[in-house]
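Okay, so chain A shows up in both of these, paired with chain B first and chain C after.
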Partner chain A sequence: MPRWLTSGRVFWLALFAVTWALSTWSFQLYKALDARWIIRFPKKWQLELDGAISGFLIWLVEDAGFYLFSFKDLTRAMAALIEAPYQFLRNLLIEGFSSGYGETAVQLAPSLSWIAIIICIAAIGLYARDWALAALVGCCFLYLAVFGQWHSAMITLASVLIAVPIGAVGGLFLGIAAYRHPWVDMALRPVLDLMQTVPVFAYLVPILILFGFGPVAALVATIIYAMPPMVRITIVALRNVPDEILEAGHMAGCTQRQIMWKILVPSATPTLMVGVNQVIMLSLNMVIIASMIGAGGLGFDVLASLRRLDIGGGIEAGLAIVLMAIALDRASQAFSERKYRVRKSGNLIQRYPLSSTVLFFAIATMILGRLIPAVQTYPEALTLTTGPFWAGAMEWINVNFFDTFEAIKLVILQGLLLPVKKFFTGIPWAWGIIATGLMAARIGGWKLGIMAMLMMGFIAASGLWGKAMVTIYLCGVSVLIATIVGIPLGIWAAERPKAGKVILGLMDTLQTLPSFVYLIPVIMLFRVGDFSAMIAVVLYALAPAVRYAAHGLGDVPEQMIEAGHMAGCTKRQILWRIKLPLATPQLLLGLNQTTMLALSMLVITALVGTRDLGQEVYIALTKANAGKGIVAGLSVAFIAIIADRLVNALARGQRKRLGI
Partner chain B sequence: MNTTTILECRDVWKIYGAKADSFLTHTPDPQKGDLRKHNLIGAVRRANVQIRKGEIFVIMGLSGSGKSTLVRCLSRLVEPTAGEIFFEGKNLLSMNEAELIHIRRTKMGMVFQQFALLPHLTVLENAAFPLDVQGIDKVTREDRAMEMVELVGLKGRENNYPRELSGGQQQRVGIARSLVVEPDLWFLDEPFSALDPLIRREMQDEFMRLQNMLHKTIVFITHDFDEAIRLADRIAVMKDGEIQQVATPEELVLNPATDYVAEFTRYVSRSKVITAGSVIQPLQDGTFAGTVDHKQLIDDIASQIEGANAPYRVEKDGEVIGQITRQAVIDVLVGRA
Partner chain C sequence: MKILSVAAAALLAATPALAQESTDPIKLTLHDWSGQLITTTLMGEVLKEAGYNVEYVQADYIAQFAGLKTGDLHVAMEIWETTGREAMDEATASGKVINQGETGMIAIEEWWYPAYMEERCPGLPNWEALKECADAFSTPETAPLGRYLGGPVTWGGFDEERVEALGLDFEVIHAGTDAALFAELESAYQRQDPIMLWIYSPHWAPAKYDGKFVKFPEYSPECYADPSVGMNPDAAYDCGKPTGPIWKVSWAGLDDKWPNAGKAIRNFDIDNDAMGAMVADVDLNGKSVDETVAAWMADNKDVWSTWIAN
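And now, the complex of A and B:
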């Protein structure tokens, strides 16, 4: 083959030119040739997978059995296993323990008082690090009481307290199994890949069908959503235990079991705690989504306010989730960084001062609460509400800046969003599959090319081509903007340590916010539509772009920079000639993360009226159409997997070229 | 087998790569080129060593020479591809999991290059760890561990965590842990390589002090030839997975078996290796300034012989076997011998 044909630039130019031409004239082409299949996937070739899946689920629930018990019994048993501890926690935190039902119920013991709970959480903060952390988490919880979010917050806390241990321990055991047996690892890997890329909405429906509407279904969904990172982190953490420590264990004569529980797991604990932190954050992230299938609490409040367009209520409840997320995040992070301390000696109270304090306050407030109700439950008369304030603020902004916002919106819509949308939605499906395949083959080899073509083919055959293109367009534009904004921010953070601290801190906080929260202000300001969706996605997906850029630049070896200085580079030359090229693999990894987050957020923005795959999944959820939801969810996952593999292949190529 | 041999390995191979196991059955006597042709790496190639009771046996080689793999084969942390290993006359490689665990719990100890301490345990708990896994009760095991902690000079630090100690102190904990089961066979895998030169020297002295008290059988790995000649009774020099020569330090210097060994020994300060017995001349008439033993190092007797104006007699088992002159000592010191 002649050299000019194989050279990269020609290939990409040609690919783009053909795609652009076909996209622009596909409609004319169809008219001229009278070939409707060019723009629409032929009906008779369509896969009817959604019907099959729905049918299978119905069969599972109604007829399936394992000799002794039916499938339904199995799900009921699982539900009961989750229900019991959950109810216990609800009693402990909210309702109190009682025997009997309805009118005849007799209260045996009240729930923990709000004071006892706040002291308990502060004590955890103190135990994990210091007084500052104790004050922070205590104040976060105090906010919940003072601003009237206590009841909902405790419902949310109860579900988090159930989901986190199950998710963490389950993840740990799966991770251990995968560490020990390669075949478990092989089997788990694709499942984990799918779990992390299939939008949550997609498996809400099957769970809804299997477990029925209610807190248990919500817990199951939360656990499924929050467990995969724990599995991954466990595998990595166990593999990263230094060989020598493992050998020291063998030489000490440990059995297999002792190696695992006395050597591997304790040595890996700091990393494992990072996994637990992830599980907590993901569980909180699910709070709002899970309330769609019956979890009450703060998530339900947010969702209800959003539906009512009650600005103040939404922000208040959203803020409560954010504060709870921050408190739990900081506390669990402190645990993973916690240093081992010298054990105290003495009697029980001296050895466990914090536990005894908490216990003391729990009992004291319980007794006092009988006499003074305000000790038991935060008095309603003293609650503050910021709802009207937020509503007023939003109104003021809308009144005074409406035109500005509209202008910005219009410019970006006309100048960027619509042309890109037209380009993507115009691509005929057949060429789209071929082009994706060519692109993937070029970047990652023919195997990746074939995989990409099969996945795109599945999307087209499911009749979702148009919506998939809208997804790609929205995601692409959002990632582009997030990168354009994020990388300079990251560079700034790396170059100026002081600014960096602020920027990275802000990004950390942004990442702890449940994705739903981003929607609230955006809808308030820009109303529903593609533009609002894009803003929310950009906000949500910004953090990794910033962070990886900052880390990538920070990781450039000092020697290289010194070599640059000695070669007489200006500051600008050092940045452009030395730091950025060396940081490209990291920048690409950031791009990858940004893309993944953007895709997961896109599904949520379906609530604000985008016409993409997310909408498809969401409609399936509201209609409880399991098959449709799963097929659309799989399509999103396929797009995510293709994007992930492509960017990773790029990063790998780049690293190889740089010899890192 | 020699009665004083505690550990013996015969024709041990460790080959890495796909189909490494079947390779040796097809090619019983492979050359270097054969391995490369099959995309295999011979980490240990036909190793034969006998380790005698009570000696310090040093395995010396540069990084990648296979010395760490060999010691891991000897302790069966790594499964050899082929060969036999006998520990106290019993075939180590045919032992099952339980037997192996028993041997390691009672007869072997190992010290690691990066210390390999458990970060979540205190100094005392780390030292007691091998007893803990045997299920020995807390009081007994911590008493025994405390003795070891005192032995290595860490009394007063027993409740610290490893990260609070310096590198040298951490390795002392590693030594205490490896000795707590009173092993017969003590493996040390580059124990001092991760330490600063000054600390390394100090730890070598400490190690010799311990050995003079305990008289263990020791397999000591190092890449530092000076360390090797300082500590070793015998040295095995390894290169590319092969043992080039097994000999006392003095023999290595005087009669290197290969060019590689010669290259290594060229810059060694010979007076620290060569003994009086190796440079004796036939006894001549005349006066003598004194008598030295044939095993004494030139380095130790140099100043006394140089200061005297007559040669010294050299004795072996109370019998005079020759004389040593000032000139002979100077030849050794300047590297002419």
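And now, the complex of A and C:
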């Protein structure tokens, strides 16, 4: 037996060979044995879960109750609770306060003027760090006014300002509960996995029914999507509080409540702020989908301008979302790093110089706004638009380079996409379940193997095998390409800090720019089809691959590199022999995140026209079939969970081998 | 807005204000295409003229039926026979949603091509020309078959069956949304490249791009249901697509709460040409929906005032 033929390699080779053979000849096998069940899951064994789920939801909405009030009353009361502060913010930022309706309405007070809001946000930046930050966030908001996005941006801001506190505080409490009681932790884990991986479209219909139409339903969906990272980070942050601090608290005779609120939470605050930051970013990611069910704002502007192919309008509204994300992101990060400052003394104005400045400007502009309307609302005549430029640029690229793109596309399509698609869609479902189980068992132990088999079995039994395979193929290829492009970019960013700044900034933009904005130009250049979908997924999922690679390489201990230098390694050897192997666990985490993002893009690619689980979810939404949507959503979640566990197990193994 | 208030004053002077029924706002749903925004805003402004309080709510086209059933939403102004029929039938069958009749607009959906393709495929718009020159519409991925870009799968349309029944050498590709559909058209049109796709009207596309609908054998219900009808004796769907009205629907309780508003909604009537002109104003000439609606209302006061007349 040759030396390279270790048992591991034999296992993987054999698994691949059998899968390949079955995939290639599954059709012939079915003809030869006259067993159609080989390629199609038999109808009579199919689970009719979607009907059951739809039925359950109808029961929940129409009949379920707790003696005094129905379940729907409960959710509607919650909706009213959320709506009140939201409406207040809307009045404050946009509409102004008035009483009565329509003709009889009387305005009591105008909304905050645009000048007051910009000064307020700049003051927050100054309070959080320094003048530079104040200028940055102020300029971001000034863009909103100058490019005519103010009104929509304020609607979006109002929903973010509601969703973020609820998501952050709710996540904090859930995290604390999980930290205190292990059983809550156990119960919460799968729920969090599902909240993060089930596509939002899958549960939109039930949410609409329970919480009513309009912005509140959108807010609820946003909170569900944005809360899980806060919970996870809270648990990690609390566990990482050094034992000595905790010990000191016990010695001082603190009660449990005091330990939590006076010791644990304050010392974990910097990490907790990272969680808040994640909640902000994810809430802004939801802006587009939320606008589909009534949130309005910038998301609606993006959708509406792309429906009339106003690419420039879409880009401007999309950039407004990016800038808002940057402003909120930088400000919240500054808060997490903020140092404790000495309290100022003196009279009220001297002690609170910023608050009093803001208050002064709010009142001054309110009074001035009565006389000069431009002070109250940014004058429309002074807004800029770059729309014609983008439309012209797009046309120029389209007319001059289409053929080049077409040629590149054909090569990748025929050389990579189509063969991989044939391989995955050919795999008979029964073998697919077994192979996934074997693979998971080999990497992560038999428990993982059984879990993977059960999950794949669920997908097959729901009659979604074919679409699930298309999903895996599309995501697999996209993740592969994102990794091939992303890791070198990450290495570059780590080795050359100057280039790194630009690259990482670009990645931030790509992640917060709504994918719709680039979806339309991509379709114009590559037509409807798998290739366009793949490009959209790669663009969206690239960021974590780059970021984790840069982070992993940056984290390699100095001593190791020093040791390499001493041993006389060349630069290349240091990179390949020392840095990359040591960074592998981080690279794998990046791979994990890339896969998760790729899967979460599925629903968006359905809008291009793919035939995968994302499309199934989307069809269910357009037919208002809640059960079908949830089953398809669960299938996506299961694929994500299997991939997540596999990559994590790989990373664990690698870390053990490296002894970190 | 000035025009509006002047009109309102004139109206209030001429006809006594409608008996106020409920002062709760009537909630009309908005979707994300301009035609629907115009129709809804027009209805809403007319209802405001009649003294009602109106609120516009952003809602998904299909998901809105859940809200219409519970009375969270009250009026949806555009349910297309072609794309919304199933959802509408399901909702009206529950008894909680009622069909308030046609809007007067007719939805047309058919295969469409840009005018420059007539040189490359002489004989168009007659569908039989496609038998000879399917290859003029081919792309590297579909060659030698022609490429036909259909609407989202959820729109139905029976294009695969049509291609089969009429013996056309075309491959049907489904776009995921109509935005994708028009993105491809824009791209091909800029390059004067071949394209054949599903287009519907009223929409801004037929106004912006020069082109024609393909003339298939005329649609009849029998042609869809019965294989023996039509030019292919063995296959159904050997004809063009049906045209159909665009419907108005409302929550069943609308007429109890605001009886005269219900009447006004039933009276609403506008044709494809008027709507097409307004859609073009908004999407191609960059006017706002409010401006466009106000202009129409100023010019057509005699039309809309009959909708709300007792």
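As a convention for this text, the second predicted complex is superposed on the first by the 633 of 660 C-alpha atoms of A that agree within 3 Å, B and C clash if a C-alpha of one lies under 4 Å from a C-alpha of the other, contacts with A are read in each partner's own complex, and residues count from 1 in each chain.
Going forward, contacts are C-beta pairs under 8 Å (C-beta built on N, C-alpha and C of every residue); 3 or more make two chains touch, one makes a residue touch a chain.
In this text the structure is predicted, and so the values were computed from the model without any measurement.
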For this session: Consider chain A as the common anchor and indicate whether chain B and chain C clash or fit when overlaid.
Result: fit
For this session: Could you tell me if A:477 is touching chain B, chain C, both of them or neither one (first, second, both, neither)?
Result: neither
Exercise. Just chain B (first), just chain C (second), both, or neither: which does A:267 touch?
Worked result: first
Exercise. How wide is the angle at the Cα centre of chain A, looking out to the Cα centres of chain B and chain C, in steps of 10 degrees?
Worked result: 160
Problem set entry | Touched partner set for A:57, first chain B, second chain C, both or neither | neither
Exercise. More residues of chain A are touched by which chain, chain B or chain C?
Worked result: C
For this session: Would you check which partner chain A:300 touches, where first means chain B only, second means chain C only, and both and neither mean what they say?
Result: second
Exercise. Of the two partner chains, chain B (first) and chain C (second), which one does A:204 touch, if any: first, second, both, or neither?
Worked result: second
For this session: Kindly classify A:410 by the partners it touches after superposition: chain B alone (first), chain C alone (second), both, or neither?
Result: second
Exercise. When the two complexes are placed on top of each other via chain A, what is the minimal CA separation of chain B and chain C in Å?
Worked result: 45
Problem set entry | Of chain B, residues touching chain A in the complex | 72, 75, 77, 97, 101-106, 108-110, 112-122, 129-130, 132-134, 159, 161, 163, 177-178, 187
For this session: Sort out for me which residues of chain A touch chain B in the complex.
Result: 242, 244-245, 247-256, 258, 262-263, 266-267, 269, 339-340, 342
Exercise. In the complex formed with chain A, which residues of chain C make contact?
Worked result: 23, 25, 27, 29, 32-34, 48, 51-54, 57-67, 70, 72-73, 86-87, 139-141, 149, 152-154, 173-184, 186-187, 190-191, 193, 204, 283
Problem set entry | Residues of chain A defined as touching chain C within the complex | 101-103, 204-205, 208-209, 212-214, 291-296, 300, 303-304, 306-309, 395, 398-399, 402, 406, 410, 413, 519-521, 523-525, 527-529, 605-610, 615, 618-619, 621-624
